[in-house]
Every structure is written in C-alpha cells, then in structure tokens.
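For reference, the structure is listed below as structure tokens.
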C-alpha cells in the first residue's frame, strides 16, 4: 500500500483505544493486521458504541484510505463493521512462507531416506507418524523475529539446512551421515512447542521457561521410549546420547542458550549450516525490507551488530561481463 | 615409531644441549625432526667434540633406538654424524599435505573460471601470474597450529572452502557469485607472507606485527593497481571495496582480529564456510592424534573450549543397518 | 603421612611406568591411592616381571617408607605384591563423605514431607521408590573437584541446601514452598548419572556430552510420565514446566551451562542457596587443605578467582570477649 | 486510581511546561507525585499567570479527573492552587516502607547483641550512638531503583539480611559469627550518604563520585578511630581489615563495583544473603507491579536479563492438596 | 537562540515533511541547520506548492520565531523562500573547528621536521605533497560524534597528539622518535576518506565497509611505493612494517577495531596519547554542552560509561589560594 | 653471570631442600638471591648438618661456580657458611631502583609546590610531614611484578607521572592543575602499605584483602581529619571528594579494581598518564630482559596479551640519516 489509496478489506484487530481530542470529540486508534504486516488506523468522529463493537483479536471489514504520517503509512477509517471469524482463513492474517509447506515437508522426508541405522530409522518414523507433532511443526515459525518468522518458517529453514547438508556431506566422508541427517531434522524440532501462531507469533509459557532446546530433547526421549517399547529393548543409548548432544549444542555457545558446546564433528557441522542459513535469511531480509532510496545501508541490526550494505549484488557501472572462457 | 625400535635415519636437528650427569659424565640432549613430527633424543657418554659436530638447523644421520620415557616416546642415540643438506629434500623434514599441491591448485583455478566480471577476471589473472606469490601460496600452511598446519595447507584449505562454495552457491542465488569466488580465493592469501616454512613453521616479523588480513588487503591493492595500469583507468572502486571488506571481515568477530564485521551477504557466506572447514579439520585431527586406548575423549582443546568425543563415527553395537528403502 | 614413616598397607594402583636409570637399571614409578588421596611411589632395582605383576586399576600390598621430594611427599617401595580385589571394600579407596549417608537421606525425605500438592507428592514418590536411581544418588559426588567431590557428596550437598531452604522459607512466605522443596530435591539429581565412581570419580560419556542439567530434566519427565500412567491423566503440565525451569536455570548464568536464566522467585531462591553451600564448602576446604605454616593465604583458586585468607575465624590477640548483655 | 475518577487532593509538583495548541491556546503539562507514584497531568485553557503560580518542587491542591491515554493513566486538571509546604508531611509524598522503621531498627540491634568480641562491641556502639548517622540510615533507601527504593528501605533490607544470617549461622559453625553480625550491619551503611531523599531519591555528588562502598569504609575507619581514642590503643587492625574486606567485597564481582573479591568465608556468606534478599524483592515487586491481565510474564527486566513468570505461586487447576502425612 | 526570538536567516534544509492537522489543514515540519547545530521547525497553514518549493539538501531564507516545546527549542516559520547555494559558504552550515586550519597544519609539519631517517623523510614528503589528500585531511573531522566531530577536527586532534608527543619524547629517550613522529602524523590519516562532509558528516561506503585503519595502511603503501619508484629500490620493509603496525594497533584493543595489539613501545605511546586527547575533548565537550542549571552531572555518556561531574574546575567556596612559596 | 664463572659472594637464602640421589648420597638444592635476581644452586656430597646450617631468610657466604642447565644458569656450591645479617645491607639483596631515591623525592615535592589551594597545601604538608609514611613510600615498589617492582619503584613511577603531568598541563588549561598535582602524588600512595619489602616483595594481608586503592583513600581521610583539627573546621568536602574520586578511579576500569570509573577530566588525565608510564616500563623491561639472540620477539606477556618486537629502536640497515633541515 502507498499513501492515498482507498481501502476496502477485512483485517485482524490487534489493539484498540478510545481517545478524546482536545475539543472533546472521541476517536478510535487501533492496529490492524493482515498477512503482509500491520498498520495504525484512526477513526475520527467515533462513538463509544462504535468503539465497543470493534473486536480485539477478531476481524473487521474496513472502508477508508491510507495516508502518510511522519514518513509512516497510516490508515483513516471511514467505516468498519465486525466480520465473522468463521468466514476467514486465519492463515490469511498471519505472515506465512511463500513456499509450499507440504512439498517442503516431502523433500525433508526424502533427505531422511538414506538413513541406514535401523534404530534411527525407527526413531524417525515415530516422529513422522506423530500427526499432532507434524501438524505443529508445519505451522511453526523458525523464530519470533530473527529469521523465518512466519508460518512454515521452521520447515523452510530445516529444509534449507538439509539441502546444505546433502550437498556438503560428500566433502566430509568421515562424518556419520546417519547422525547428520537425523540431527538436522531434529535440531530445532522443539520450536513446534516453543511458539504459538494464533493471531500472532508469541512464545508459549513453556517456550519462555523451558525453551526449544530442552523441549526438543524431551520429544526425542519420548520417541526413543516408544521405539524401545516397539522393539522390546532399550533404544541404543549411545545413539540417543549423540542426538541429544547435537540438539543441546547446536547454538554453538553458552550465551546463545546451548548448555553444551559442540564436541563431535557432526555437531559442529550442523551448528555452522544452521547458522549460515539463518544469516543468509537475515541479511537478505534486511536488504529487502530496507526503504528503497537514501542510504546504501540498512539500519543497524542488533543481532548482527552492524548495518548491511544493500548493493553487493552488483559490482556497479563497471559490471561489464566477458565470456567465461579459460581465465589463465 | 613405538618403543624398542631400532633407528637408522636422517633427521633435522632443532635444538641441542650438552649436559653433565651427577657423576660428571657428559651427555647430549637434542630434538630431532622429520616430516612426521619431532622427538627428544639423548646420547650418553658424549664428548664436547661430538656435541660441537651436531649442526642445529642442519641434518644428522642417526643410529639408535626408541624407548618409552614417562609415557612419551624418546630416542637413545648410539651414533650420529652430520649429513649434507644438499642431499636432502627439505620438504621431507617438514609436515606436508598428503594431497597433490599442483592438482589442488589447478582445481582452485577451475573454481575461478566462471567469474564473469571483466575487471575481476583481470585482477585474478594478476594474482595467478605472479610466480613468486603463487610459489609462496603453494608452500604456505593455513595456520601455525590451529588447522592445516603444514606445507600446502593454505591451498588445501582454500580449495576446501571453494568446494563448499561451489556446492552451496546454487542454493543462495541472490549471492553475487563472482564476488564469492574471488573472495574465497583471496580471503587467506596474506598467509603466504605471514608464516615462513624454512625448517619449521613460524610467523614472520611482518606476520606478527601486521597479520595476514592486512597483508592480504595490501596484496589486493597491489594487483588492483596493476590492473588499473593495464586498462588505463582506475580499478572499479566498488569492486575493490567489497573484496577488501570480505578479507577484513572473514574472521567474523573483532576478538579474532577482524577490524570489520561482515556487512554483506557474501562476507557472511565466506566466513561460515571458512570456519566450517577449519573446524572439520580440527575435530578430525584431534580424534586421529589422540592416543588410541583409554578415554573416549581427546584432551581438552583450548581453541574449541571442549574435549572431543572420539567415537561418533559409529553408533555402537546397535549399528545394524537396514536397506534404505522408503522410510515412512 | 609425613616424611620418614614406614608403610605397610594396601593401595589402589592408578598408574605405573617402567623406567631405566642412566646406569641401565630398571625402576618402577607408579601412583598409589587410598581414600585420603594419592601418592607417587618409586621402586628401585625392579625387574620386568615385578613391573608386569602390578595391576593398574587393581590393588597391591606395599611395604616401604615415605620421603620428602621437592616439598612433596613420595613413597619408596621396598616390596609389593598384588592384593585380591575381593578382599577390599572399594569405598576404602575412594574419598567418601564423613557423614552417615542413610541418615542424611532420611532427613532429606523429611524435608519433602510437608509437600501438599498431590501430583507433586506422587512425583516425588516415583523418584524415591526407584531403587537403582536412589542407590546411584547416594553414591554420587556433588562434583568432580569443585565441591563435595566424594562419595555421598551429592546427598550431603542436597541436604545442606534443604536445610538452608527449610530455615529461610518462613521469611519469604510468597514463595511456593511445595515448588521449593521439590526443586531443591531435584536440582542436581542428574549428577547421579553424570559421574561414575568406580576406582576414581570421572565423567560418564553422557555426563560430558549431555550434562546433569539435561539428564535431570529427562529423569523428571520419566517420573512425570509414570505418574500420568498411574493417575490416568497427564501430569499437570504447569507443575512439570516449573520444575523443569528450576533445574534448567539453577546455575544462574548461561556461561555456567544453564540454558535458561531464573525467571520465577523459586528458581532464584534455589540458585542462591545452592551457590552459597558450594562456596561454603570450597572456602572451608581450601583453608583446611592449605599447608599449615607459611602464608596466611591459600594458593590462588581459579574457581573463586582469588586466594582465601585462612584466619578469619579468630580476630587475633585482641580476641577478648565480654558477656553479651545489652549492647546499646 | 483508575480512569474516570474524580480527583481532589494535594500533590508534589515535579515538572511543569507551558504549551500552545495548534489553535494558539495555552495549556499546562505537568508531573504530579504522591507517595504511591507520579502521574502526568494537563490543564487546558491555561494562562501564563496560572502557569507561573505552579511551584515546581512545591505542592498544589488539585481538582480534576483521571483518564486513560494510550493505555496510561493521566489526569485532567480543572483547577489547582498552591498549597503551603508547612501543612504537609514530606514523607506523604515519598515512597516509604510499609513497615515500622523503629521496630525494624530495634530488631536489627537485637541481631547485634550476641557479638562477643569486645572491640567489635565498642565499634558497633559508636555507630549506634551516632544520632545523625542513625537518622540518615533510618531514612535511606536501599537503592535508587533496583530494590527497596523507598524511605526506610535500607533498614528493611539490612534487617532482612540479618534475619537470613540469624537462621543460617547455626548451619555453618565454622563461620566467625561476630564478624558476620557486624558485617551484615555495616555492609550497606554507606548508602546513608550515597543518596538523598528530599522530594525525590537521587544520588548525592559524593554517592556518584565515591560510592557507598568506599563511604562505608570511611565511616568504619572513623568509628574505629573513635574506639581507639576511647580505649587508648589502636583498634585491633586485623578486625578492622576483615570488616573493611567484607564491605569492599560484598557486591561479589568487579563489574558491580567491588574493588576486591570475597576472600574469607564470611564475605561470601554476606554476599549471597545480600543478593538473595535483593532478588526476592525484585522478583516479587516485578510481579506485583505488572499490569494485571494479559501476559503471564512481566516486561523484560534489564537487571535480571529476563522476564518474570507471574504465576509460580499456584500450581494451577491441579492444585489439589492432600494431607501431608508420611510421604514415602 | 532562546525561546521567543525573531528569526531572519538562511538555513540548510536537512529534512521536510508535509502533514495534515486533524482539521484537515496542511502544515510543514522540517529540520533546519547552520554551523551551530540543527532545529525542528513548523510552518502552519502551508500549501503543497509551498512544501514542494523547499529544497532538501539546499538552502532557504526563513522568517519566523523560536519557541519552547517540551523543553526543546523549536522554530515557527512565518515565511520562507529558497536561497541560491552559490551565494552561501558551505562551511557556514557545517560545524567547523574554531582554530585556524592552515596554522595548525603548519605546526604539524614543524613536528615532522626533526625526522632524521631519509626514507621516512621521503615518505612524509609524498604525503604532504599530495594536494588532494592534504585538502581532504584538512577538511576531515576526527570522528562522527565521539570527539572533534567537525570540519578541521582531524588536523586539530592530530596536532594535539603531536604536541603531547613533542613534550613527552624527551622523557622516554629509548623511544624511536622518528617512528613516533611519523606514526602520530599517520595514525588517523585514513579518516580523510572514511567520512564525507558534504552538508552533513557521514561515513562513506568505504569508511563503513573498510574503515580508516585499513584505508590508512593502503595510503601508506601507496606512498611507500611512490618513494620506491623515486629511489629506485624498495622502500625499507622494516620501516614500512613498523608504521603499518602503529596504524593497525592504535585503537589498542580488538573490540575497538584494531586487528593487532600494540607490540612495540612506540605503538603504546601513540595509543595512549591518542586516547588521552580524545577523552580530554569528550569530557570538556560534555561539560560545555550540558544544560546550565540543575544537575551537577552531565547526562550518561555511553562511550565513557558514566556521567561527568561538571564542577571539578573549582574547589568550591573554600578556594582560598595562598602564595605558592615553599610548601614543605 | 655467565656459565663457567667462579663465585665467591654473600647471598640471601630463599629456599632450601635436602635430597637423595638414587645412589643414596645426599645433596642440597636451594635458591639464592642478591639484588640482581635469584639463582638455583646445588651442593653435592652434602650432610644433614651442612643442610641444617643453611638459614632460610638469612645469608650465606658461598664459594662455587656457575653452569648452564637446560639453557638456564645454575650454581654448583663447593662450600658455604652462614653470614651474619648484621654485616649486610638488606638493600643489597633486594632489587632496588638505580636512581637516587632522595633526589627523586625532592623533585616530586617540587612538583607539588605550585599548588595554590590552601586546604590542599595543608593536606599535602600532612602527608609529607608523616615520617613513617614517607619512609614507607620511599621504600615501596610500584608493583609486585607488573612495573617498577623494586625498592624505590613507587617514588620512581610517581615521579615519572608527575613529569608527564608537568609537561602536559599547559596543553589542557581547563584542567584543575591543583587537583592534578595532588592527585598524581596521591594516586598510588596506598601501595606503601599494600606490599612489604623484607627479604622479598610480597603483599601484606591488608594489601591482599583491602588493596592500595582503599588504603590510599583511608590515608587521605586521616590526613584531611588532621587538617580539619588544625584549621578548626572541616576539610573542604568537595576537595576531599574529588581527591577520593581520583584515587578510586585511577585504574580506569572495574575489572582492574577501580570501584568507580573516571568522571572528571582530571581523573582521566591521571589514569592515562599512569597507564602510559607503566606500559613504557613494561615494554622496555621486556625487551631488556629478553635473551639476546634468537627471536626478534620477547616471550608472550600475559599482561599485554602479546609478544613485544625487540628492534623498533632502529629502522634497520636503511638507517641513513639526513640533516634535518626543512622537510617540505
């Protein structure tokens, strides 16, 4: 949207406020959302009954127009009425991956197929056959804000790491490929219970107090116990221990919430690929989200401790290419 | 070598010392090297003239035997005489890559071939056509101790990073591939002047006081100036700036000697791949170098702040595999 | 033991080495242990068959004498012969608490008795009725070296924290006492599987790669699952979450291996009491272990980043007391 | 107060501002305080003479009403006139402990009574008999914002630490109880001169430039000198040194302003109890101050580096209790 | 300027914004600058054509008046019209040193005169004879905000460090004075290309991605190459290396962007003098810029991690002096 | 001393040990000191009565010779007998400044002479007239090991800082010169009681537990109290506060034991000059103490986190000087 456009759409209401102008007139100030983001909106000449009729956490059909307010886009509401939640698809009001989740999931399962170790195969089956868990995984974001913060983000990020691993495993043949494949699949799986995606992405109490690393370890234990029951003997403890270690250490440093530092080659491998994909998203997103004109840099990004230069994609006016024949 | 073996070989002498036993007898204590490492050796019943005849930094033909001393292998010399330096190949006394350096170099040049940008191609040609520099690069280790600390190590490590990049570039199409290829090639090139590999790997004065990051930037400037002279106009400043930035930021953190943090996607990409390959070498080497029996862990490694578990390569007695058909 | 004493005792052999003097005579150098500590011992005029007869990890009956070697006590062995492991009590050769473990355990159970919440009571019962676990807990040390590093140390330390909590709970009535009691009992319980106490205290592979914090959380999950099965409905998730949080956060800082920082009053309470008891042990032990004469300070203690002053227990010659009547 | 209430009260004026609306009308914006906190207030249709009549740092009698402004309570003033400072009790306009200061002080003195060491008793007497100092101590807060930031806060906090120590001393009989009692009493005493409590709590210049730790040490020296004069010989230097050390080290870490780390058991003991009581206040206060509904967590607290979960006091719907008979 | 003054002046326009009041009237909000700073200004009853006529980055002649808005000075514009850039001196709209730049430059050259080493003299000549570089140096600030952030600031700061060095060199005769003189002159020279001073001070892309330390090293290399060409042999490599080291290490710590720590006495010397002069400016400026009345302290300064006490210049009412004759 | 020299001198005995060779012969191992340092010495064919006759902490007259032992100089004692302590000057056996202490002290007093402020002059007089304190100051080292670690080191270092200040004060006329002069004199004065210099430099108990910063503040208070008594009114509190602040903050960072960070310009000034002089000593000493040949660098110095390059004093073979006429 740009300033001066007419609006005639359904939005999710995140916040509302009834205000008085200095002249004593009432107006409503509220925050409206759809899957592309959120906007501040004002409705002048409001009444208390209009105000009361706006459902926070619910939906409204709005008519109005956009305008520029101190460089930020805002909306002026001419009229609005509640809209039944049954008639909307919640996903339309939440940021969502632009890829096909089912297709990504299928590719992720393909990545697991080469796993040879039998107990590991049984374990992975337990995860994949847990419908509730899989549904939650498919819905989960990869983070609140840092990277892939949208529905389907967890699957998208995990698949990216899987693709990286698939391509690099042949270069490090001493790595235990079974362990890497299972580790990639499981490293962030606790995120399915760390965040909720109702009408906003937010941490669950358990996410805040326990965290996805420990939740992942508990899920892993649960599935290993189920395998043990199936095969009538304990799940191989060493295998379990190594998978636990990969989950615990994948943040790579204590200050990022890993209670153990990587201590097997496979844990280092996953840690770096995980980090690489996150940073690729963060830098690309920072550049795309940065306002078009003006500075050659994005704003300062706390998580990267720097601003990002926006134009490394082209080498400038000198971008004359030559046929890539023999170089030397 | 194991304790109790007979020795009849040529060694490089690193240190020597003339000592007196409590009974007044003289003996020689010295450190001998070949490309596999170094060993402490003693020669009992020595004389001053024997001692004087042992050339530090030179070579000796030694006869004797090995023995265990407090858990460490040592050597007892029965006889030794100087050996002419002309008759040895210095490389036989220095740790050296077990790969073919020329072949690796050729593959590295292949990695550069797809570069399209003309000034970048000219720049890379300047590097590759500088015979002295190329000779130094081929000889250089990748580090004193941390990773690939042997002759040819720089080429081996750089090629590894190139292979990683080659495989991952298709997954991040928004990256500037020309910049990545040139950046990978150049990121550590200053190491060719940071260390010397005479009869030992050691920092040059310049390596210690200036460091390979800045040396690399200076080399880059020199070659860009040469291109400018060739084309009769300045080397494109933006291209130069981005390559400088990649070299400067590739350690990824101030405390590791990078004066700038990565601020373009390509710099992050190279930083993580560089780091990944270094860690893969470090963990693998730590496991291989660890004494066979006893603990399941290596000793504590300061650079990784942990001990490495040695047996993640196999999942234990439960390693029964099944045919990797359809998993789910 | 002091220098010059005769020795006629059974010891555990930790290490042995066969050495040659410069004159070519063989001697044995070995490390011997009993529950009070370990000592370096030499046996001159040894033979290879004597050496082979000394069982590492087994026991020997030694005759000899002690002597001072560079300020350290050492032993000279005059004669030694293997001693059957069946005839010794392993605990006699391992450092062990000087308190009665069963009595401490009983007091610890008393501490749990006031817990009112029914699911919590059921949970605690599951722990206490797990014979193998309880046996391991009673045997476990509280740490490798830092504090209470001896058999029974975990129970001794946990009981100390319980006593602190028992006395302070009345002062902070807003704390959830049930949660505190259960949390104190459980905070370090994973240590029962983190270390082994065979003939030495050492980390298990799982201890090193997974750690007692995560092991504790898994044990907790296992027992909560068992309660769920017993009561036919899920264990109350909020209760479980808060106990998990207490275990996870009890080290109080990321760099000490806590993946979550304390975020409920009860977690802070347990963190400080745990820390207080550890420091009380460390300072007291440092003072007791410090060599009697010479400096008024212990050696530098890395874990406290200081030396400890040994004589704060008395206020010096001026220690004249007066009857403690009304002060002001 | 909640929105829509009528107001007819005396307030302390902290700030005032004369503003013009876009229509050119004048209005006054000011901050009013009482002991429960402060509020922003506006007076529309003001004149310059009204504005000039409002005394910053003085008192006004206000009539008006409260309203909600962007989720924050504000006040609209209908009329106000200056109120004579003589007619108010300053303490009514400053946050003050809800406990009886004299009673707390008396209990604190009881805590000191068991001190046996004569010079220490004389020293404590000097403190307690210094009327000006005692008056300042009773008035002082324990901190600007962190914990117990109100009149009487220093006594309340010190007494809390004393109660903790009283209960825990029997558990660590190797501690020097005299030193602990005196140390608890003195550890924060410099705060009496670090902050002022006129019509607001603020640092004195000396508090900012010298700090309560050093001020405390100087006060201690002054009183020890007075004892020396009384007894005709120097105050026992070791006793003085140990008390100085306790004051200096009680923050437990350099970065919190302790120039020395704890190096006697008594200093550790006081450091942990001090910290525990501060954290108990901070967590409890954070929960009580957090707006009732909405999130289960408080806002992020910088000093604890986390948000606090507000509902650990109850274990949820499952809170069924059972009689606390024999548990196992 | 103070509130209530009439304005009739030319300003640089930094930002502008067209806004609507709630009544639908348009007004302009903009930021105006001259060399003393910047101010927010409003023009009520504006039209779109008035708004369009205001040139951002250009100049306007403004009539209006100042007023106080929430304690900040603002401006109300009554009328304004564009002003031709040709008629203004850009320097009048940028903060500029209050010293004579040419005179400072001359003194700086005097500081270099005692240099004896011939190659060093030739090198310095190359710098001084590079007209473009010298022009840029004279214009450059010493920093964006931290210290001497104005036109001429680089020369002013460098001269200050030179004066410090000139006075202290006699006290440390073991220092290599030639190296110190050249090092002082060169340490910050890269700042001439790190920032631009068009109508505002801002980082260049190269400044942000490469930084003044590396730019300085490259400039040094360029001039050393020029000397080499002149003398027909390489510039003495040791001299070059030491100068590079001084530039690289002059920030004194990795976290401040130095890729090498000082490792020669001369580098320490320059690091401390550089730092001293920066801090002298920062503290003095903080005191001068602090609003006159109220607190005895400036606001918190992040770069110094403290507030600065404003009145250490006088010792208070007790400032009675006595003739400074013999003191003891 | 170099290997092979004859020895016939008096030494201080720091340690002794009676050892047995494998053949059963006794020998004495001891550490002997004079003001130039310490050496390890052995006496073969010793008896117990010889051993008993050697006084630790006392003096012996030794005859013998030096020899090289693993690259370290050692001594072989042929004969030795006790030497009466009365006949030696203790200072001959402790490292001592090579400057004249009285002359340095006199110059330091000259530095104080320009102080104008009367109370400050009175205060300084109290210090200078305290004979015991002055005697201790003159004897004190500036540190245990870091810089100027010898008798007279405190005066030497303080005078150096005074000379720096004397020369730089004219460049920063806004500094309060009286405060700087007094602050320089006092900043380290607590070191006179922090260390003892009996037959070795070591921390006093008070030095270890309280530290020179706090001791200095207490000394200052004592002298200010004395002035107050003399003038019949309190010592000006602002002056006292600023001096306290300078002492407290002169280490410049919490982690170096300063409980307050510099917050007045004068405190920054003293902090940097103090640091500069310490580093000048450390680098110079490191270079002088480094073994002559071999590496161009000293060993790694923990306190500087680097090795020091030894040859920055000369610019190498290219050291051709030219007459320093007009440079440009």
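A few notes on this one:
Should a chain be cited, it is by its letter among A, B, C, D, E and F, assigned in written order, with residues numbered from 1 in that chain.
The rule we apply is simple: a contact is a pair of C-beta atoms (placed from the backbone, for glycine too) under 8 Å apart; a residue touches a chain by one contact, two chains touch by 3 or more.
Predicted model, so just to flag it, every value in this text is computed and none were measured.
Counting the residue numbers used at the interface between chain B and chain E, over half appear in both copies, so the two copies meet with largely the same residues.
Repeated interface, listed pairs B-C, B-E or C-D, reference A-E: B-C, with more than half of the contact pairs matching by residue number. Rounded to a whole number, the gap between the C-alpha centres of chain A and chain D is 43 angstrom. Here the spacing of chain C and chain E, counted between their Cα centres, is 59 Å. In whole angstrom, the spacing between the mean C-alpha positions of chain E and chain F is 39. Those residues of chain C in touch with two or more other chains are numbered 205, 208-209, 238, 242, 245, 263-264, 297, 307, 309.
Contacting chain pairs in the structure are A-B, A-C, A-D, A-E, B-C, B-E, B-F, C-D, C-F, D-E, D-F, E-F. Residues 21, 44, 67, 69-71, 296-297, 307, 309 of chain F are the ones touching chain B in the complex.
On chain E, the positions that touch chain F within their shared complex are 109, 112-121, 124-125, 128-129, 160, 163-164, 167-168, 171-172, 174, 176, 178-179, 236, 238-239, 242, 245, 261-266, 268-269, 272-273, 275-276, 279-280, 283-284, 287, 297, 304-309, 311-322, 324, 326-328. By the touch criterion given at the top, residues 17, 19-20, 22, 29, 205, 208-209 of chain B touch chain F in their complex. Against chain D, in their complex, chain F makes its touches with residues 205-206, 208-211, 213-214, 217-218, 221-222, 225, 237-238, 241-242, 244-245, 248, 254-260, 263-264.
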